[in-house]
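Below is one structure. I have some questions about it.
The chains carry the letters A, B, C and D, assigned in the order they are written, with residues numbered from 1 in each.
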Amino acid sequence: MTTSPLPPAAADRAARIRQSFADRRLVRVAGAHDGLTARIAEEAGFDAVWASSFGISAAQCLPDVSLLGLAEYLAASTAMHRAVDVPVLADCDTGFGGSINAAFTMMQFEAAGIAAVCIEDKVFPKRNSFVGSGQELLGSAEFANKLLAATDVRTHPDTLLIARTESLICGAGVEEALRRAHDYVDAGADAVLVHSRSPGPEEIVEFLRRWRRRAPVVIVPTTYAGWSSDEAAEAGVDMVIYANHGLRAMVAAVRSTWTAVLEHKSSVPIEELIAPVRDIFDISRLDEWLRRDR
Amino acid sequence: MTTSPLPPAAADRAARIRQSFADRRLVRVAGAHDGLTARIAEEAGFDAVWASSFGISAAQCLPDVSLLGLAEYLAASTAMHRAVDVPVLADCDTGFGGSINAAFTMMQFEAAGIAAVCIEDKVFPKRNSFVGSGQELLGSAEFANKLLAATDVRTHPDTLLIARTESLICGAGVEEALRRAHDYVDAGADAVLVHSRSPGPEEIVEFLRRWRRRAPVVIVPTTYAGWSSDEAAEAGVDMVIYANHGLRAMVAAVRSTWTAVLEHKSSVPIEELIAPVRDIFDISRLDEWLRRDR
Amino acid sequence: MTTSPLPPAAADRAARIRQSFADRRLVRVAGAHDGLTARIAEEAGFDAVWASSFGISAAQCLPDVSLLGLAEYLAASTAMHRAVDVPVLADCDTGFGGSINAAFTMMQFEAAGIAAVCIEDKVFPKRNSFVGSGQELLGSAEFANKLLAATDVRTHPDTLLIARTESLICGAGVEEALRRAHDYVDAGADAVLVHSRSPGPEEIVEFLRRWRRRAPVVIVPTTYAGWSSDEAAEAGVDMVIYANHGLRAMVAAVRSTWTAVLEHKSSVPIEELIAPVRDIFDISRLDEWLRRDR
Amino acid sequence: MTTSPLPPAAADRAARIRQSFADRRLVRVAGAHDGLTARIAEEAGFDAVWASSFGISAAQCLPDVSLLGLAEYLAASTAMHRAVDVPVLADCDTGFGGSINAAFTMMQFEAAGIAAVCIEDKVFPKRNSFVGSGQELLGSAEFANKLLAATDVRTHPDTLLIARTESLICGAGVEEALRRAHDYVDAGADAVLVHSRSPGPEEIVEFLRRWRRRAPVVIVPTTYAGWSSDEAAEAGVDMVIYANHGLRAMVAAVRSTWTAVLEHKSSVPIEELIAPVRDIFDISRLDEWLRRDR
C-alpha cells in the first residue's frame, strides 16, 4: 500500500480543528448527508461538517443499522469534502468490522481528504444510538486494538481519530465511560465522543468533571438540547455536533410542501416559503462553472 | 448483451402510467434527488417520482450542466426506485451522448426497473433549462435517431420513452415544438415533454390545441405555476411534473434551521419546526427492519 | 420496501439451475471478477459464473478478508450479470453482517437479477478459506437465522439461496458439516456448498455418502483438483465451481507479458502469445454497438 | 469549490515523471484496467501505469466508445492509484464533454491523486482509435480551450496535463499533428501524445524530427511494435505506453485455461501454467494486512 499523506488542504483542515482544541475554541459542527446539505451548513457558519451515518442511511431511505458500508459512507463523505472548505468529520460507525477494517477505514477516508475519522465501541453490526433496544458494547481492549490499527496506518499527523464511546447509550454508566475514554486516548485517539441520550446533561457534566480535560471531548446534544453550546464549552466540551437537525428540517419542509402542492393543485401557495431556483444555482456556483466554458 | 426484460413489479409500475394515460387521469409527479425525498413524495400522495437531473446534481453541490453522467444518475434513480412503490421516471438529460449512449441509457435504466426514461433534444453537454444562455437544440433527425436507438434495445413493451423537446426553451417557437413532437412520436416516443419557461401557459396551451392529443403530453410548470393541474388536465395535459419544489423547500428549511441553531447556541428554538427523530425511523421503516433480526 | 420480483430473464436463469439440479446434470461454474472474465467463461462453455469474493477483492489488489462490502460485490456481480446470458451466482461472504444484512443482501442481489446468493457460516469479518489461521465458525442457529431472514425477503421462488458451510475449513469435521447442512436446508437453503481444503476428496466423499442427496451439493475443488467433475457428479455433486483458475491464469500471463516487453524493449516477442486487439472488440461486441449509431 | 492541492505523495509521483522528462530518461508505461493489473505492471518494473479507457471499458465487457463516463474511469483510476507507488496516468478520453467537463475532469482526478490527466482531440462521443471508421477531430481552438479550462483548475504545479492528438488516426497528416501539438503546448499541455496506427513508425519519426523536442512526446506503439523503445528514445520520444498487451495476454490465458478445464473435467492439466493461490495472497499483501489484526 502506497503511503499517501493527507493532501495539504485537507491537512490544513484537520490542523484547524487541532488549533481550535488548543485554543479552547468550541468547534460547532452540523450533520449533513450530501454535498448540498454540507455546503448549506458551511454557509450558515458552522466550523465543520459531520458526515452522519444516520443521515447518509436516511438519504437512501434505510435505517441506520449497518446496512451501508465503507463504500457508501466514503462516497458521501467525499462529496461533502468537495463541496466545502471546512473540515469534514466522518461518522464511520464501528469501523465496518474488526481491526483490519478499522485500518482500511482510516486509509480510505484519509486518502479522500477527510479531516477526522470517528469510530464507536459497539459490536458490528450496530444500531443507531437512539434505537431503544439491542445496544451492545464491544470489549474495551478489542476496541483499543481497532484504534491502534487505525493510527498505525495514518499517514499525516494532523488527521484526527475520534473514539466514540457508547457506554452511556448502553447503560454502562459514567465510570465505564471514563475508563474506556482513558483506554482509548492511551491507544492513540485524539479526542473522545461521549454519546448520551439522557434528557439532561447531568451524566455528561459528571464525565467532564472527572475527565479533567485530559483530551478533547465531543458531544452530540440531541436529547439534552436545552444545554446550550456556551454552557457546554464552559463545562469543558471542545466540540458540539448538531447531528440530525438539518435532516429533520428537510423532512418536515419537503413533506408540507408536497402536501400543499397536491392540495392546491399548484405550487403557487408555497412559492414564497421555498428557495428560488436562482438560489440553487448560486449554492452550486453555476456562474463560476459557466465561466469555464469559453 | 443479454436481454433482461423489465422486472414484473417495474413493468407493473410502467403499466400503471400507461393506464392513467389511457384513462385520461392526470399523472402528478414530484421531483426527487434521493431515496428519502422520493419516499416523502410518495407518502404525500404523488403518482410517480421524477429523478431530477437538477436535483441529483444539486445534491452533489454541482450545477446541472452535464457534469454528472449515466452512472451517477442511474445510482440515484435506482435508490429512488428501491425506496418507493410508485413508478420512477428518469430525467436522462440528452441520453449522455449520441445514439449509442441513448441505447445504453435505455438498457441500464430499464434493467434497474425504471418505468420511464426521458431524454431531451439539446446538444450534449447541456445546460439546465432555466439557465439564461447557451441553450442549443440538436437536429431533429439526429434526435429521432437517438429515440430509435433507445426503443430498439427496450426489452419490455411497457417501459416508457419520453421525448422532451426544448424548442420553447431555445426560443424556436411552438411551430418547431410541434414539428419535433410529431417526429419524435413517429420515431417511437411514448409521450412528449414540452418544456417552457414562460411566465404564463400560453405557448403550452397553443401547443396542446394544435397537438390534438396525438400522444400523451407532459409539462413542468415551474415558471407558469399559476396554471393549476386541473386547468392543465382540462387543456389536454396528461402528466404534470413539479420538478424542484421539494429541493427548494429543503434548502430554505435547512438554511434557516442551521442559522437559528448557531444564533441561539442550541437547537431548542427549532425543535418544534422540524420532524422528530422518530419520524426518520418511521420513514426508513426501522421497525420492519429490526423484526428481521431474530 | 417495494417487492421487486426477479426479472423474467433472471428468473429464467435461476430456473435453469433448478432444472439442472432436477435433471441431475452437473452445473459447471467458473469464477470471475468482472464483466470480461465472466463473458470469457461463458464463451468457453461454462453453465454459470461465480462472482468470486476472492477474485473481486484481488482485482482491487486487496486480500479476501471482508474489506470490501455489499456495494462493491453488488457492483461487480451486476457487471457480470449484464455481460453474460448464463446465471450469475454471487459469493456474498457472510452476508455482510447479521440477519438484517443477510436480508438486505438477498434484496439487493435479487433486484440486480442475480440467480443465486451464497452466504457462509463464518464469523464476520471473515478470512479467505485458504488462509491458514483465524478461521472461526458462527453458531449454527445464528446462521440458520440469517438464512431465514434472506428467504423471507426473497421475491421470486426461483432465486437460489446457497448455504456454504466452512465446517471442514475450520477443522470441525464431517459430522458437524452434516449437522449444519441439515439445519441450513431446514432453514430454507436451496443447496449447500461444502468447502474443503484437503488435498484429496475423501471428506467430501464421506459427506456425500451420508448426505444421501437430501438437497443439491456444491463443491469447490481447488485443493483436490485431481477429483474430476465426472467423479464428483458420480459421487452426488450437483455443482462444481472452479473458483480462481481464471484469475490465476491472468496473473501468470500478464506478469510474463510485461516482463518480456521490458526485457525486449518491444512487444513483438509476445504478440503471438496474446489475443489480437480485434478479439477484444469481438468480446465486447463492438460491431453490434456501432450498428446502433445511425 | 475548495482548492485541494495534490497530495504530497501524488505530487511526488507527478514530479518523478517531470524529472524523467528533464533527464531524458524514457518513461515506460503499462496499460492496466484495475488495481491488480496495475500492481503486476509495477512489480514487473514499469515506471508508470496507464489507466486505459480501452481496458476499463473492456473489463466491463463494453466497447471503448464513450459508454462509460468520468465516474467509472475515476473509480478505476483511483483503485490503480491505491494499488501502486508509481504514477498513474489517466486516459480521460475527450474529457467527457466540453470545457466545463474538462475542468471537472482535472479537479476530480487530481483530487484522487492521479499524476497525469490525458485528454484527446476527438469529438465526443469518441470511438477507440483502432476502430476503422467514424473517427472525427474536434476543432483545434475548441480543444485548446478545453486544455485551458483544465489547467485553470489544476491546484498543484506538478500534475501533468497530456494533450493527445488523433490527427494521424483521423488521417489529417503530420503537418496537422504538428500544428495542433504546438497549439496544445501553447494552451498549457505539459506533453503531447501523438497517436498513430501505421504499421511502421515513419509518421511518428517525421513528427519528432520536425517537433525538435519542444515538449515531451508520448507514443503508443501498438501497430508499429517493431520500433523498439531504444529506437524511440533515440528519436526523441519521452514516454512509451504499451497500452493493451496485459489485457490481451489475460484474454488469451483465461480463455485457454477455461477451455482446458472443461475439456479435461479438471484443473489439473493447467495447474502448472497458472499462478498458485499463494501468489494472489502475496500480490494483495495478505500477510501485511493480517498483521493489523491484533
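Definition applied: contacts are C-beta pairs under 8 Å (C-beta built on N, C-alpha and C of every residue); 3 or more make two chains touch, one makes a residue touch a chain.
Not measured: the values here are computed from a predicted model.
Novice: Validating interface symmetry: for the copies chain A and chain D, is the fraction of residue numbers used by both over half? Same or different.
Specialist: same
Novice: Report the inter-chain centroid distance for chain A and chain D in whole angstrom, where each centroid is the mean of the CA atoms.
Specialist: From the centre of chain A to the centre of chain D is 37 Å.
Novice: Counting only Cα atoms for the centres, state how far chain A is from chain B in Å.
Specialist: Chain A and chain B have C-alpha centres separated by 32 Å.
Novice: Indicate the residues of chain D shared as contacts by at least two other chains.
Specialist: 65, 67, 82, 98, 100, 285, 289-290, 293
Novice: How are the chains arranged in terms of who touches whom: line, ring, star, complete or other?
Specialist: Basically all the chains touch each other, so complete.
Novice: Can you list the chain D residues touching chain C in their complex?
Specialist: 28, 30, 34-41, 43-46, 54, 57-65, 67, 79, 82-83, 127-128, 130-131, 133-134, 221-222, 225-230, 242, 244-259, 261-262, 264-268, 270-271, 273-277, 279-281, 283-286, 289-290, 293
Novice: Mind listing the chain B positions that touch chain C in their complex?
Specialist: So the residues of chain B touching chain C come out as 1-10, 81-85, 98-100, 103, 111, 113, 145, 148-149, 152-153, 155, 285, 288-290, 292-294.
Novice: Applying the document's contact rule, which stretches of chain C touch chain A when the two form their complex?
Specialist: Contacts found on chain C: 65-72, 96-98, 100-101, 104, 124-125.
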